[in-house]
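So, here come the structures, one by one.
In what comes next, subunit A is part of two complexes: it sits with subunit B in the first one and with subunit C in the second one.
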Partner chain A sequence: MSIKVITPGLSTSVQDLGRPGYYHLGIPLSGGMDRYALRVSNLLVGNDEGAAVLEAAFMGPELLFNKDAIVAVTGAGMLPKVDGEAKSTWASFVIKAGQTLSFDFLTSGARAYIAVSGGIDVPIILGSRSTYTLGALGGFEGRGLAAQDELPINECDISKHTEKSIDESLRNLPQKPGELRFIPGIYWHRITEKSQATFINDTWKVAPEADRIGYRFKGGEALDFVDREQAFGAGSDPSNIVDSCYPYGSIQVPSGSEPIVLHRDAVSGGGYFMVGVVISADMDLIGQLQPNKPSTFVPVTMEEALIARRERKEKLSKVRDFLS
Partner chain B sequence: MKVVSVSENTVVVLFEQKISQQVAAQVLKLKQLIDAELADYVIDIVPSYASIHLSFNLRKINHQGFVDKLETITDIVLNAAEDDTHDGQQKLIEIPVYYGEEVGLDLHEMTESTGLSIEQIIQMHHQKTYRVFALGFSPGFAFLGSVDQPIAVPRKETPRLSVPKGSLGIAGEQTAIYPFDSPGGWNIIGRTPMNLVDYNQHPPCEFEVGDSIKFNPISKQAYLDLGGEF
Partner chain C sequence: MKTRYSFGGDEHIFVEVDKEMSLEAFFKSLAMTNQIKEKNIDGIIEVCPANASFQIKYDPDKIHPNDMMDTLVGIENDVDHIENVLETRIIEIPVYYNDPWTHETLMRFRERHQDPDGTDLEYGARINNFDSVDDFINAHQETPWIVTMVGFVAGLPFMYQLVDREHQIEVPKYLRPRTDTPKHTVGHGGCFSCIYSVRGAGGYQMFGVTPMPIFDPNQKVNHLKDFMLFFKPGDIVKYRSVDRDEYDQILLDVEEGTFEPLTKPVTFVLDDFNNDMEGYNKVIKEALYVN
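After this line comes the complex of A and B, so read on.
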């Protein structure tokens, strides 16, 4: 079976859990920015958690189905509609052959995950179906969706499916304002104590440059650097380091002015220092931040980060238990 | 050399923070030891000029457990005699390059900043064998060093919005080929007709940190015969 794209939305691409293992070649992780929502959308339609889904940023696509299927939409508050009839998010529903799936305007969050029973059947390249647009890799022809695309869907038996919905306590919704927990990093000592304090106490706002590569934040005080000796081979700006790899979730602050959190499609390395790394549980949350959303950076220890990771894992097992 | 935890499943090994052959050899030595000893746990290992980035599988080992194992290995490298950190069996990769003015977009400008003729610049660039210090920025982009001082011109003040695929550039002491059309600020001196990245191959790109790279100048006709485009 297949789905025909009538309108693609603003930025919609095929994503699964990503493409680890090729970072050393400059090929980023890719995959859904909100992995929790992606997994839950798959569980709702009876797929493997890591099946390929559509990630739609800020505006939903319009999709025509040529066969009956089960669909679930999680993540952003973007109400799905079947031939104009409203359905719920965080719930599965049936769509019949010849019907069209469309979306209402975005009311909360930023990215919706649209899972279809069977999963989207684009080729697996380097272990993943995820799209990495900058490298023209994976997904549907290495790019985001466009009108008239025909997305292949794996065949699957949906006769035994019953419509399900996820309890509100198990949905992951952005708080107000966003609190982004981070582990102060290797180069934290490179900024002054005063700047360490303002970085944490200031309220930052998501800048318009907020995409799969990274999220830029504005509005906080620029960071001051402590004096240093310029390393041989490093750039002359105080925020430069000897070129190195950027961990997923790194917060880099070029010239000390605007922090950028590197996300799933970020370049693998470069010459800017990083104040720290956002913990994995909150990287999902970043994928749901809209431009202008006020956010703060909250320092945590490694111990706290590992606990947060465990909590998210437990939440996911509750979803699995609930749906099985 | 120290092991720094950066996130739940990621650690970075920091070496002396400078670009040098000696540090690069230590990085490579440690990378090879990690490949041999810790492959079961490692998801991504990314060596760079003076650091190694490692992400590992938390389902197989806990954070502290991985750090402990890694520190045991870094001690081995740290205690190795300096002449023990020589390079192992790294590959030599030869890449044909057409150094013509149609594709060497900045050759002319470089004659002004260096005081050398185009022939001298080309000669100086291709006579040397380079080392892969790091990979990244975009898929298959290999940072090679070190370019001889007289032609080690700094990045362009205004980057190009699109550098053609295959372009060979210089930025300071680094030289590299752009595997895809992409924005970039390096000084372009030639172009290879070869495809450096193929996602359907395993591995998708031949370069590894520590490899040696030699650029072989080819004629315009050979460039065209190999599928080169203008």
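After this line comes the complex of A and C, so read on.
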């Protein structure tokens, strides 16, 4: 079966859990920015957690189905409609051959995950179906969706499926304001104690430049650097380092002015210093932050990060138990 | 040279072998990352070597971050006595310097440059004390370069010039990054040369373009059929200046599937290089052109 794209939305791409293993050659992880929502969308329609789904940022697509299917939409508050009839998010529903799936305007979060029973069947490239747009790699022809695209869907028996939904406590959306916990480190010592304090105490806002590569934040005080003679090969700006790897989730601050948190389509390395890395438990939340959303960077210890990580895993097991 | 370890969140460890760039730092980073890979340590997901540093991605559910850290520190002690010998390959990369496409792009972003009245090549030649752009290009293509990192975007090589520090070409990056760089631009920032594998943003000075593809996600190009990315750390590169006619011919050959990069195996011994850089570079180049 296949789905025909009537309108693609603002930025919609095929994503699964990602393409680890090639970062050392500059190929980013890719995959859904909110992997929790992605996994839950798949579980709701009876897919493997890592099946390929659509990630729609800020605005939903309009999709025509040529066969009956089960669909679930999770993540952002973007109400799905079947031939105009409203359905719920974080729940599965049936769509019949010839019907059209469309969406209401975004009310919360930023990215919706649209899972279809069987999963989207684009070719597996380097172990994943995820789209890496900058490298024109994976997904549907290496790019985001466009009108008239025909998305292949794996065949799947839906006769035994019952409609499911998950409890509100198991849904995941950013707090107000967004709190991003991070472990200070890497080149944290390059900024003055005063700047370390303002970085943590200031409220930052998500800048319009917020995409799958990284989220930029603005509005906080510019950072001052501890004096040093620039190291050979590092470049002339005090925020420059000898080009190194950038961890997924790392917070770089070019020229000390606007922090950027690198995300799933991260550039894998470069010459800007980093003040630390956002903990793994909070990476999914970043993908749900809208531009202008007030956010703070909260320093935590490794033990706190590991506890948060465990809590995330437990939440996911609850969903698995609930839906099995 | 002092190694510094830092946690990068709960899933990474960042290891800075040295603050400044040197071949010694690169070789140590490469030796450590090779050791780590050989040991097949449970919980390690990926090892990413960089110029003078590297990064480990691991699963903290499988190995506690503190144990991961201790393991890495232990490996540093193991590699301290390793001889810096690299079995690698040398590749000739044709470059059309001062080409119309990077020229058009650099003119479009002139207000972001240190020298709005000149070109990137003129600026590079002047601040590196060359008498002319031709002399500068000659210095750029005459000596070999070693790939010390692959990344930023898919398959982009960072290259370090194999000459003494005094003679290395050094230029600052653009004052503000460009939003556009032609695909296959040969760029330069700090002491590093690079080849942009895809079109996109960039801050390096632009000197020319190569007609040789280095990344092909569709794996149609002849020399990228087995693997879509060409470069790996340790590769040695020798640029060769080509004119427009030869550039066009190579493009055509790539299109028709008849182009093969000129590549030869070579052994690089760091001590031998340090003892006589000029003499050793002759030997390396002979490996490419004579044998």
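Rule of thumb we're sticking to: the second predicted complex is superposed on the first by the 324 of 324 C-alpha atoms of A that agree within 3 Å, B and C clash if a C-alpha of one lies under 4 Å from a C-alpha of the other, contacts with A are read in each partner's own complex, and residues count from 1 in each chain.
FYI, a contact is a pair of C-beta atoms (placed from the backbone, for glycine too) under 8 Å apart; a residue touches a chain by one contact, two chains touch by 3 or more.
Everything numeric here is computed off the predicted structure, so don't read it as measured data.
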Subunit B and subunit C placed together on subunit A: clash or fit? clash
* Thinking of the overlay built on chain A, is A:G21 touched by subunit B (first), by subunit C (second), by both, or by neither? -> both
Exercise for review: Once the structures are superposed on A, label A:I183 by its partner contacts, choosing first (subunit B), second (subunit C), both or neither.
Suggested key: both
> Given the touch rule stated above, what does A:G233 touch, subunit B (first), subunit C (second), both, or neither?
Replying inline: both
Field: Partner chain(s) touched by A:S30 [first = subunit B, second = subunit C, both, neither]
entry: neither
Kindly classify A:R309 by the partners it touches after superposition: subunit B alone (first), subunit C alone (second), both, or neither? both
Touching A:S195 in the superposition: subunit B (first), subunit C (second), both, neither?
neither
Message = Quick one: is A:G135 in contact with subunit B, with subunit C, with both, or with neither? Answer first, second, both or neither.
response = both
Both subunit B and subunit C touch subunit A at residues 20-21, 23-27, 125-126, 134-138, 183, 185-186, 231-234, 241-245, 247-250, 267-270, 276-277, 279-280, 302, 305-306, 309
The subunit C residues in contact with subunit A across the complex are 6-12, 14, 16, 18-22, 45-55, 57, 60-61, 65-66, 149-156, 158, 165, 172-173, 189-192, 197-198, 200, 215, 217, 228-229, 231-232
Residue positions on subunit A within touch of subunit B in the complex are 20-27, 125-126, 134-138, 183, 185-186, 231-234, 241-245, 247-250, 267-270, 276-277, 279-280, 302, 305-306, 309
Within the complex, subunit A is touched by subunit B residues 4-10, 12, 14, 17-20, 43-51, 53, 55, 58, 63, 134-141, 143, 173, 180, 182, 197, 199-200, 203-205, 207, 209
Seen from subunit A, its contact residues with subunit C in the complex are 20-21, 23-27, 125-126, 132, 134-138, 142, 182-183, 185-186, 231-236, 240-245, 247-250, 267-271, 274, 276-280, 302, 305-306, 309, 313
